[in-house]
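Here the structure comes first, spelled out in structure tokens, and everything after it is commentary.
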């Protein structure tokens, strides 16, 4: 990561697919430029992130936080569906699903 | 119904003569915890849609997960039973991908830090040289959460293709799953399908023995993905594998592996290359079809789940759980084999039929072990297979079978009647005694009706009667058969024979 | 009467409600009237819950009438940042994608406020999903700084800070992922505290970056923030990252306000170049003030702090890209493009997210998606997590030498609306001094220390303490506040122009 990464229009399109954001084609170059600048700036982290430094994922060193296997009240069906854009037969309705069976 | 056409395949014997298969099996076990993996919603099967959901398992903004202690304990116990090492420290990770049945659009799972790793499970398979033990090495067992259930509406088939829209029920979303992944399983040769089936069977028995899941394949509480690859010789590097999903019965495990071997062989023979992809097993047509090709879309962007803290099971906890494990299945089989005086092969039949618990329970209720095995691995296994369900899920219990055997032993039922009683129990007609009463299935022991039936039979076959009188006692079988038929099997054949010979004044030699 | 009620501190308000010199309903109505009068220009609120506020206030009055003992903040109005759920009340996170969503549950913070008899007036404006330092990234238009309506109120919690500064509420809740409580406090002349990570439950706080987010109090005095801190902090089993430890006596510390013999460290790396002259001047004066109050002030180096911004802008987008994946138009919120052709759910998700998220949110989702990608994980996310370790070590070493650390809260005073809107890097630099505490999980406070001579706008002092030692912030903050009040003769907000 010594070099400032260059982000291409195609990279942006790929990231947008992964992130499920239907970006207009005319915006890709602008995002590519901005992401490149930001990544160039943040890339400095590699200067000090040497192999001997352990990563920290959680700010507090807690472990083994568990919940008892005891039922708590669920939402009612009406509450569960209350914010949904589309419902049918007590379920969330979505347009047809592509992909696999 | 699907109309998938089988691709070109190669004859199985030809495949195994020229190719070396390598298996990989991924089994998902849905735990039988009272609540979900990360929230307090109940896990009851069959509840009304979207009534066992809350902000957490619906993935509503702001909600946070909290780990179910019993799920962690169950994962450790499964790991220990599989001779795995238990992680001293591990984390959950997020597996990021979009799918509408997954509320958060990431699955909270474990990635490079599974809670259990490096174990094995020995399975017995019948080979041409007798019973052989295959050691299946376990790579990992990790915790994750289930997805919701989608039903596809409209279109001609009710399947996803051609559907107009879909409806989602999130009751299942967040139910704890343990995923158990084998290392590549080499050296199974032509027994690959049998080994796959035996592994899933043994794993199911092991998990059932731990009491952490009901492991019902047809309800999806045990699911299997079968990975298969072929190579020319065992010294070649691993071939490209396919991952077959939707393999929802023991029989399907075997059939799907076998089919994939024959299909891949045909691809390779034609000079093609096997595509690394997900394939779907179709129980009805017995083929797999291409699902989704592995691609850069499978960049799951795993990272440690920041909303959950690491799990560091103390060694004391792990050792306590190890000490409290039920008897190891292998040890148990050795013990029962000795107690019942049966061979390795006979024990393997019991285990592979998924009948060990049932036979043991039936014997414990007083039945002869031979009779118990005969029922469970014979007639009942056949019926379960026909119905496409597990033996455990037939509507008959060890108590029922033991009762039938008691009635047989007392002479109240003969073999044929016993089958009818079993049939009645399976048909939901009640307990064995209720079936006997309702169907009037008692052995006819009153001499009067039997003698009348014998006279009718003799009158109908005077030539046979003459032969018997002439000393040809062997001919008596035909008359006994006719009497049995006339009494619809409700007579004791030995008694009919004795009465017949007495009637004709003949004695046995 | 009305004007008097809105200028009271929270502590004073609770006192007048408790002694019956004003009813909670009168207090609530006075603030609702103030909102009606000024919020058209300030735009601190996205939703005002008039009926709910009056009902809650009436319940406090009824409790008092029945002889019940009221809690220390009973009857005090509060503005809730729109990133925390409140059952049945619109919660947008400043985003179009959540427009109209009414959550079916209360955040733990919200529930604690209700139990304490705090009167929630409404939901405050914010940068979309708390991404920003100016509140300009709100889908519902920016909030204006009460000191100068042409300037930003800071962000992401600009609405909460502006509501407090504009006397629309004596208290507000903010959330701080990289400075979103402290920087708005600094540029609006108010007090804001980011508690230790894990001190306040995140359940019901719509996550931006789970390992960085922390809710905290905003008010006009240090004591008021302490009183609010005490109400919202505490262990919550619904948040697995919540610390199961006793809440430090923050109110006692605020009342103590004594820095004699206290060791105070000035962070070398958080000052100097890039910091506005007037900011530096007020900060240097504060150092002298602390010395005069008996503190022992030394300079302390935190050599890895210059890498904090880079680490932050990798960790935050990475976690955010995953946290924001659930906004897909299936279970709640916006759905777009369903009728255009015969689209699949995949297409509808893509259209919904493109239409529902603003440009800064999209930028950060893309950045995080990139940083987590196979092949880049180690170089970006992995390296950033290592820098996090180094920042924690810097703090640990510094707190071996001193009791608290101080710095300016933000490099500049409030800038003009629009000035940095399309220059992400320039915008990100606003958080350079506040980010280290988020990466380390340690607590921080900002309080006003005067106006910059060149523009007459407020300057903030940041105080940082070790994890779980939040009480030190309140002790030092209250001491500085008292000394400055003594010097000025009036609260700083009296210098603000009349709205």
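Quick notes on this one:
Going in written order, the chains are labelled A, B and C, and every chain counts its residues from 1.
The criterion applied here is as follows: a contact is a pair of C-beta atoms (placed from the backbone, for glycine too) under 8 Å apart; a residue touches a chain by one contact, two chains touch by 3 or more.
Predicted model only: the values in this text are computed from it and were never measured.
More C-beta pairs in contact connect the chains of A-C than those of the other pair, out of A-C and A-B. Of all chains shown, the one whose average CA position lies nearest the global CA mean is A.
Work out the mean CA point of chain B and of chain C, and you get 56 Å between them. Taking each chain's centre as the average of its CA atoms, chain A and chain C sit 24 Å apart. Here the CA centre of chain A is 38 Å from the CA centre of chain B. In chain C, the residues that reach two or more other chains under the touch definition are 101, 103-105, 211, 237, 240-241, 321, 325, 328, 330-332, 345-346, 349, 369, 373. Each of residues 55, 58, 60, 66-67, 98, 100, 105, 166, 168, 170, 299, 301, 306, 308-309 in chain B touches at least two other chains.
Shown for chain A are the residues that touch two or more other chains, namely 18, 20, 57-58, 60, 62, 65, 67, 75, 80, 83, 92, 94-97, 99.
Those residues of chain C that touch chain B in the complex are listed here as 84-85, 91, 93, 98, 101, 103-105, 107, 202-207, 209-211, 237-241, 318-319, 321-322, 325-328, 330-332, 345-346, 349, 369, 372-374, 377, 381.
Of all residues in chain A, only 1, 7, 11-12, 15-16, 18-24, 31, 34-35, 37-39, 41-50, 53-60, 62, 65, 67, 75, 79-80, 82-86, 92, 94-99 touch chain C in the complex they form. Note for the complex: chain B touches chain C at residues 55, 58-67, 94, 96, 98, 100, 103-106, 166, 168, 170, 299, 301-303, 306-309.
Interface residues of chain B, counted against chain A in their complex, comprise 33-35, 39-42, 48-55, 58, 60, 66-72, 89, 91, 98-100, 105, 150-153, 159-161, 163-170, 246, 278, 280, 291-292, 296-297, 299, 301, 304, 306, 308-313. Against chain A, the residues of chain C that register as touching in their complex are 101-105, 197-198, 211-212, 237, 240-241, 243, 304, 307, 309-311, 313-314, 321, 325, 328-335, 337-338, 342-351, 353-354, 357, 362-363, 365-367, 369-370, 373, 379-380, 382-390, 392, 424-425, 439-441, 467.
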